[in-house]
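Below, subunit A partners subunit B and then partners subunit C, in two separate complexes.
Presenting the complex of A and B:
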């Protein structure tokens, strides 16, 4: 016997306690609460599917769900493609490349709050970007005051912040692409664009699926960027709100409608789980090919 | 010619990546008489007065201390707690190991946003809302770190430990003297990302904290922006205070950051 029977449980106790108390239990409780009318002050009666019926009739829910979905659809293509191009550029070892890679990664380590504040200032009605727009002969644009532009601006911030992160993932994958494939294609007279589509993209397809999945899940979960760019309001009249913004505004504070917020959380969870399953399925199909 | 093209492209992306930070820094050192709206990256009369002034408006150094406390505790609990659990999963044989592994694996699948409100109720049940302990606890031993360390321990050769067992070393001794020093690399990654995650976290502190003196930097800054939009110099100084420690940490330990991304230590 190398250890007493209870020893492993002593090792596991802190970690298991945290996971069970602060992840698994709240998760199960969230599902239970979503079928009640619980408030922030406690209590709550079982109300069946009332919360979900209410949700179906709640215009705010549809706005939030649509925006989260749009957000996801909007950020995935640039986050799959742009970091790949940057990685290809940063892959070749030329003098000073380390400095460039480091600089490209910097936005990743800054918090969403810092990034949000920096871009709020850049996109201000009198900010740097609008100054440039005006200098080029355009008129000032309400990046943060129009609900659609606010969503787009926020997507740009999300993409900007993700470039370096996915670049690193792509750099690792690019290092594994066999060199002779490129050389063979070059001998066959394929130009750089042709080689990109017929050598690099097929070789990196699994990584691209991974990046698409990660950025889709994170896009649907967006909170900080929209919160900061809109000053916490979710845009003019809440028109740029997203699922997570809605959940925290419904469920927070003394007037929080815990039951309804839980139902919204449940829907969020189901959608994210669905995204995950789709990804797994795509990955499996990749392996079969 | 081709090289020149490559460098111009690299420089363009460099400008896009760090330009916004430079602009924020430039704003933070502009004096009260200088127009902050003029696109001028180099102030006429640079001053660090805004860094002192921001503390007159909000207790920014208290926020920073709170963030540092939360992040440091988070590093210790994650390194120790996740290593202990990971060691048990990888190196000790016992009934129920599968159950423990399933608990950690399913914890990873639960998106934090989905349990936000429910977690707040748990914290209130413990009487820990509006405390820094309440901020730390939910992320104090991340299941992802448990699995990262489990994998690291699994990769160690078994012979060394078998010799130690024969020498009569108990499980805790084998863990602290043999196993833990052998996974230093993974521990550094876990420590770094625990620090960064905690320092950068916004949603949870926003929900769980209510008194200003308990604020961490992230929510303190969001609050500062809401209150004093008029003076961008102060907001800019605040953001630089919040981002500088991480930039320094990153410059010192960048290869571990890159490694962490590769091992999946952070999600997006």
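Presenting the complex of A and C:
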């Protein structure tokens, strides 16, 4: 059989074409646009680094960056730990475990809009949660009307939605933890908690780093949860706006400032790239140890 | 540096979205022959009004042999994104359904046909205030055939009024009474309103919104208006969600009987009847609250893009669709009103039959003669958000009403450029 050097490229071509057209080209275009005053209609002019100077002086940008950072810090620890605990429970082979696993995975496949609506009904000032609080003699809590509580409520939804997804990743990793390690630890008299910290956690560390990286990136670029819970407003006075929400708000519609929105996207990209590089470094150090 | 167009025909950036393209102007002349195929795009009229629109299309095709009108309907959700994508690519449909605030950026970018120039005799066929809504203020030109209009009364919940010890037959007639009654309701833990004022509310209060190419709603009267809202907010006369709510969200709270008063239209009355029967049983209907004597008006229109390859047919269809006969037929189906100078005298809009619907309809039709589209066409979505956020800061006491309005006006004027 003759070897044709271009054959591998033929296999790559469809995927490459899609990536070039829908990822690489728009990405490069976004970088170009970030140095212009482009709008949704008509051309733009190159404005140098004006958009970035404006960003540095724009209080909305700093509020959004701070909120995104807080969001990331708020969702990563629960999203690293809780799915692990659930995965350990779901790993057990007991009657009806399938229902349990499905229940935890359902929020992952549920539409973000439906999830947002359900939580809005729950947390509204006249919603189910507040009705229970009032029935118990408490005063109504502004889950969706106080900018801080809105961020926290949104984090809760993100964690709730992410549990099932990361649980599946952990389930796969748990299957690879050698059973004899657990058995040896049991022989040495280690209890379940001790075995968790001394056997399970070290064996799963690379997976935990992966989950931390994924949840950090997703947390930093959160959109649907905060958009839906705040009714698209970013909270009272826009005080709960996050980076992607700000980009959407600046760039949307026929009157959108596409140049500035692109500059914000570019900065978001650089931040996320930085995050991923840090994770990569951590992972490498882990492998060397 | 010269105005430059680069990377035309952009694909969408995942988060930011973008688009630069040249304005494609076809050689087609508005005075050409009415023949050939055109595409007509509507805003969420299917499936409820499918028969009506098909009827208009058939009648037009019969009147102008050799023409074909291809009707496409876009759902309301994503309509703006579709128009934006088409406009960026220079491929807008030949006749497009747009409200004034959407026609404005397109007209400003030179993408729409000027009806004042191409159809000099069309203007008298429409209500003056409706025609004006599609003009670019200060620059002239009209960029859309006015289509359907709406205005409406103020609805209030008689049961909540009664619960707070107010006379259910004496709803507020002006903004002063609105505040007085809202404060009284708040004492009984009943919220009067579901949202902070919109730009149109400032207009109804009598605030000068726009002057000399600049927004001016931070004038003393505007500050006075926000101060009144601040007093109501502090007393609990606005629901907590009011700070982030739009018209739809606020309407839903009124339907859920969480607020006592809400502006609406004949369309809303039908919705209350089917979706909120317990509210409908207690519904009070009163005149719009205004300091100017004029009510607010909402309208839709149809525009013809310059990129249309068949402008003559597109213009003829736009005019046919919005003529008095077709508009009156549509109005009877859809709880809306015609924007033509003649349609309004149809007995349907002038005679009551004792029902609530007819009462609202006749009152609204009367109101429309002097109604004003208070939302300036320049007022973009970003400006609406800026106003909402600044008002929230004022209500929360983070800024004084004056400071909040100054900041909102500055941001709106910056966005104007």
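Side notes on the structure shown:
The definition used in the following text is that the second predicted complex is superposed on the first by the 269 of 289 C-alpha atoms of A that agree within 3 Å, B and C clash if a C-alpha of one lies under 4 Å from a C-alpha of the other, contacts with A are read in each partner's own complex, and residues count from 1 in each chain.
By our rule, a contact is a pair of C-beta atoms (placed from the backbone, for glycine too) under 8 Å apart; a residue touches a chain by one contact, two chains touch by 3 or more.
Not measured: the values here are computed from a predicted model.
When both complexes are superposed on subunit A, subunit B and subunit C end up clashing with one another. In the superposition on chain A, A:118 makes contact with subunit B only, not with subunit C. Applying the stated contact rule after C-alpha superposition, one finds that A:144 touches subunit C and leaves subunit B untouched.
Of the two partner chains, subunit B is the only one touched by A:16; subunit C is not.
By the touch criterion defined above, A:154 reaches neither subunit B nor subunit C.
Using the contact criterion defined above for the overlaid structures, shared-chain residue A:200 touches neither subunit B nor subunit C, since it reaches no partner.
Using the contact criterion defined above for the overlaid structures, shared-chain residue A:235 touches subunit C, although it does not reach subunit B.
Touch criterion met: A:46 reaches subunit C, while subunit B stays clear of it.
After overlaying the two complexes on the shared chain, residue contacts for A:251 are found with subunit B and with subunit C alike.
Once the two complexes are laid over each other on the shared chain, residue contacts for A:68 go to neither subunit B nor subunit C. Between subunit B and subunit C, B contacts the larger number of subunit A residues.
The clash between subunit B and subunit C in the overlaid arrangement falls on one stretch of those listed (117-125, 135-143 or 153-161), that is 117-125. When both complexes are aligned on chain A by C-alpha atoms, subunit A residues 21-22, 25-27, 29-30, 33, 126, 221, 231-232, 244, 247-248, 251-252, 256, 258, 261-262, 265, 268 touch subunit B in the first and subunit C in the second. Residues of subunit C that touch subunit A in their complex: 1, 3-7, 10-23, 80, 83-84, 87-88, 102, 105-106, 108-111, 239-241, 243-246, 249, 256, 258, 380-382, 385, 388-390, 392-393, 395-396, 398, 415.
Considering their complex, residues 21-22, 25-27, 29-30, 32-33, 38, 40-46, 124-126, 142, 144-145, 221, 230-238, 244, 247-258, 261-262, 264-265, 268 of subunit A touch subunit C.
Chain contact summary for the complex, subunit B toward subunit A: residues 3, 6-7, 9-10, 13-14, 16-18, 20-21, 23-24, 27, 37-39, 77, 80-82, 84-85, 87-89, 92-94, 96-97, 100, 103-104, 106-107, 109-111, 113-122, 137-138, 140-141, 143, 146, 165, 170-172, 175, 196, 199-203, 206-207, 217-219, 221-222, 225-226, 229, 232, 235-236, 238-239, 242-243, 246-247, 249-251, 254, 257-258, 261-262, 266-268.
Interface residues of subunit A facing subunit B in the complex, by the touch rule stated above, are 2-3, 5, 7-9, 11-12, 14-16, 18-27, 29-30, 33, 86, 89-90, 92, 94, 97, 100, 102-107, 109-114, 116-122, 126-128, 131-132, 135, 160, 162-165, 168-169, 172, 214-215, 217-218, 221, 223-224, 227-228, 231-232, 243-244, 247-248, 251-252, 256, 258, 261-262, 265-266, 268-269, 272-273, 276.
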